[in-house]
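Shared chain: subunit A. Partners: subunit B in the first complex, subunit C in the second.
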Partner chain A sequence: MDSPLELELRELLAGITPLPPDFSSDTDLLDALALESTQIMEFVMEVEDRFDIIIDQRQLAEVRNVAQMAVVVGKAVA
Partner chain B sequence: MDWCWLYSPIVAQFYKIYRTLTYVGATPTGNGIPRPEGEFKGLAEALDVAARGRTGYNFYGGSGELEAVLPYAQLRHQALATARRLARLSLPRHARIAIIADTAPLFHRFFFACQYAGLIPVPMPAALQMGGGDAYVGQIRRMMKSCGAAAAVAPDGFLDLLQTAAKPLGLAFVGGEADFDALPESTGTLSPLRGDEPAYLQYTSGSTRFPRGVEMSQRAVLCNLREIAEFGAQLRDDDRLVSWLPFYHDMGLVGCVLVPLFRALSVDYLSPRTFAMRPRLWLKLISENRCTVSSSPPSGYGLCATRLRLSDRERYDLSSWRIACVGAERINPRLLERFSQVLRPAGFDPKAFVACYGMAECGLAISFAPLNSGLDVDVVDKESIGASGLAKPATGESGVLKLADCGAVMPSYEFRICDDEGREVAERHCGHIFVRGPSVMRGYFNDAEATAEVLDNLGWLDTGDIGYRIGRHLVVTARSKDVIIVNGRNIWPQDLEQLAESSPGVRTGTTTAFEATRPNGDPLVVLVVESKRIEPDLPKRIESLVREHFGVTCYVEIVPPRTLPRTSSGKLSRVTARAGFLDRTHWDEADKPVPKVVPATEGARFANG
Partner chain C sequence: MSLLAKFAAVEEARRGLGEADPTRTVIERLESPTLGIINGAHTILAGTNNYLGMTFDAEAVEAGRQALAQAGTGTTGSRMANGTYAAHVALEAELAEFYGYPAAVVFSTGYAANLGALAALLGSGDAVLLDADAHASLFDGCRLCPADLYTFRHNDPVSLDKRLSRLGARARNALVVVEGLYGVLGDRAPLADIAAVKDRHGACLLVDEAHSLGVVGAEGRGMVEEAGVMDQVDFVVGTFSKSLGTMGGFCVSRHQEVALFPYASRPYMFTASPSPATIACTRAALRALRTRPELKERLWRNANRLHRELSLLGVDLGDAPSPVMPVRLRKREDAVAAWNGLLAEGVYVNLFLPPAAPGGGSLLRMSVSAAHTDDQLDRIVAALAKVMKALGALG
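And now, the complex of A and B:
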């Protein structure tokens, strides 16, 4: 089950690129969604703005899906 | 009481240092010191002079707030202290120091510490792709190995990755700012780099698998700086720069760290990452700080125009922006037209566009378009240039190619355009661009073979680019015949091919990568892979590998074995492969490639065969 945070991230992502019906929090953003670097930056910007946090590049290097992004955001807002 | 001590120069000096150290806002525009006579012997000397004034470098954070201010005076003070600490490492003169070139004061401090300490700074990329930690470690490890780095420094966010990358290499010292600060200062005399000694190594050229570090001498880079400042941009004392370009690229390092230093101008920095997220901050900074000079590859102008909310543009006043350099990739006039269209209401003057051409092998610039005249587009007959290489001015509206005039080759260069046999061709005929002059690199560091490929013993540099001349003006029709440039980044086809060949089911020597141009002028990265069977997942797998390593989307086409054209020696020909691909391909309304033969039929055919 997706957490509320994951659902919110999904909604932000859907504003940037259409999500397939089988999209889940474990869907790989690079492989399955084929996000390009400029779209990734747009997504990160939306996330930063929505949660008023700063995500540094280093943390991003470990993120491949919404679930992992939720962990990063969760830590930042905690 | 005798109060005259108040007026003593020593007190005045202390007061100036105090003012500099306690400065809270960004550094002012205008240095307030007379321009020095004569020539600098080295970059350290240029910093000595700039440090007499009030200007310097300003770093803005992710939401456009001023994060750090580094006046030249303070930079000099810190660089000297750091140089004395580096001296404690007892490294031989000209030992290489790798610096992870994130947009932060640490970069400047170590770059100039190396200048004072007689060590060679080597800027390293600081760009992490999402999920790309391992690829990054491999990349910087190869670079450090290639330059034989003796020490390496990274900002805190990159330190663990740097340590992982450096582990098998056995460097004398690897650390963050604090680790270097913990070293005691040496008391010996510093002897800065000067004259024919190296200034830095720059890894923008060559593939990431086989990195090549451009070695620039002090004399060569200072020559290019002078020509950019005096001939190209004709900089004035009241100019102010804004930049979001990375310091590990020639346009960021030479254009936006060294050019301002040379003329002691203030610069306002955003990180490339901040720009990619919030391109409007670029415009905000130019607007608020009344900046006059800012450069970008065409794709940066394009990104900015696409992402800007039209309702936001009234907030900006770009009327101070007098030089908007455009370079680093093939200039697509469409992107610039779009930018001017969107930002004209905000006071942007399209006459500010200045097309430039250059490369790290010459420091930065080779040619500069005239100021205050905007982009000059040469409209030529498409048929003629394609068939015979003659850039005949077009007579009609259709069948034309619009090419940007990159301006006059700067006075210190000799140049010639040659055919495949090395014979000089006439005006308006396409050929290989060769240049010679005092700002050409010494060579690729520790790579005589790669150097000999591009630099002959008479000093002529083969730029690898194709173009034609109109008088002393250059029109570049294709950047290096192999290199693929997307969003201002150079991607070498060998890297893409090797990456594709690392996937199961793909054999070595059966892939070829190149850039194709979509009908709308945008580039498309294409990887053609020969495979006996159609594996439905294969294109997707390769595409995601490429995305992970290079952050770009490529189009993977699977073809039956022996489809790719090979030269008589068995080497794949990328140029012919591109022509073959274009023959096999349609473009849909969105300018996406569609194979003329439906892949399913094709697949069935070679699954049976």
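And now, the complex of A and C:
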């Protein structure tokens, strides 16, 4: 079950690239969705502006999916 | 999975580019700054960064020839060891004087200048805010450092302002990094607005003038001069490999501390210094840049003419004339076909496919040179007209 934060992140991601019907918060953004580095950067900037936060790119080194992104965002807004 | 297995995907992607792989173009012989032999055929070079056409400048060639005879083929060592000759120091003084700043540092390449300046500046606890469309060398330099790395939207001072605000007091330890004139789309940074934002937050600003040195500004000092921010910008980096037609890079600053960068910059320390001939050619080219304004005037005459004539044809170009001239295409296959078509017509340009081009599109990048002749410009326009018409890519 996706959290409200994960659903919001999915909505932002859908504005950058079409999401397949079986997309979930665990879907790998690089392997399964084949996001380019520029699209990931765009996603991060969208997230920053939606939540009025700023995310160090080093924090994203281990982020592979929306669920993991939600953890980073959750810490930043806390 | 072996260590080498990943190269199967690389090979597959390379094969996808077809027989004429743009990444493997060999210029078999040079006839002039703007004419070479490719695949045995005379080809107009419209995809170099030879903005002022300096690569065959008689004075620069002669200066290099003399330095080669007098100082040998190379320095064999680092600037920090045996690799600093009087000419390296003289070039640094000439660059500082050119900008009206107290000091400059010369690096072995433009790439090393970006890595080296950022490595010297950014420590743990600092923050760096990088324009999202910045060159790979700036991203690499930032990643080399322990500072926190953030990106802001391309050429968007509001996006920068928001992020500096979110940093709070840490903004005073922040470095904003932009290019003066962007090397893929040829668009200009709104430097006056960006400088005002960074001043308001007490941050520093570094501008990469790789594509704008000698190209814009009344004296050719780049976008920092044209935008009137030479007393606001903190660090300027640049390359000798484009408008000056040689190799190497530099960082120059209104802050005296730039002279201490060598002590804190591994990309400066752990590589050999530029060869004596390279430095001699660079000094001669810098003199030409300063004393021959007709080079820049000719460059802009050519850029304006090409932009006007291609726009009239309906080619999808950047908004404003620029020596860096992108030709946008709808599809990746069209861009590859256009690149091959132009080469067959005797015109060499650069091919940018996703994700290399900003915005995820595909484009051809043309670079205009002061050395392009009127006849060469005519032939470039005619070749583009033919190739783009065949692709149905004229508006």
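In the analysis below, the second predicted complex is superposed on the first by the 78 of 78 C-alpha atoms of A that agree within 3 Å, B and C clash if a C-alpha of one lies under 4 Å from a C-alpha of the other, contacts with A are read in each partner's own complex, and residues count from 1 in each chain.
One rule holds for everything that comes next: contacts are C-beta pairs under 8 Å (C-beta built on N, C-alpha and C of every residue); 3 or more make two chains touch, one makes a residue touch a chain.
Note that the coordinates shown come from a computational prediction; the quantities given were computed from them, not determined experimentally.
Chemist: Of subunit B and subunit C, which one contacts the greater number of residues in subunit A?
Modeler: Larger number of subunit A residues touched: B.
Chemist: Is A:8 contacted by the first partner subunit B, the second partner subunit C, both or neither?
Modeler: Neither subunit B nor subunit C is touched by A:8.
Chemist: Touch test for A:28: subunit B only (first), subunit C only (second), both, or neither?
Modeler: first
Chemist: Touching A:64, do we find subunit B (first), subunit C (second), both, or neither?
Modeler: So A:64 only meets subunit B here.
Chemist: Quick check for you: in the superposed arrangement, does A:53 touch first (subunit B), second (subunit C), both or neither?
Modeler: second
Chemist: So which positions on subunit A get touched by both subunit B and subunit C?
Modeler: 36-38, 41-42, 44-45, 48, 54, 56-58
Chemist: In the complex, go through subunit B and note every residue touching subunit A.
Modeler: Subunit B reaches subunit A through residues 62, 126-133, 136, 157-158, 160-161, 273, 276-278, 303, 307, 487, 540, 543-544, 547-548, 551-553.
Chemist: Name, in rising order, each residue of subunit A that touches subunit C in their complex.
Modeler: Against subunit C, subunit A makes touches at 36-39, 41-42, 44-45, 48-49, 52-58.
Chemist: Which stretch or stretches of subunit A touch subunit B in the complex?
Modeler: 28-31, 34-38, 40-42, 44-45, 48, 54, 56-58, 60-64
Chemist: Give the list of subunit C residues in touch with subunit A in this complex.
Modeler: Listed in rising order, the residues of subunit C that touch subunit A are 132, 143, 148-153, 159, 162-163, 166-167, 354-355, 358, 360.
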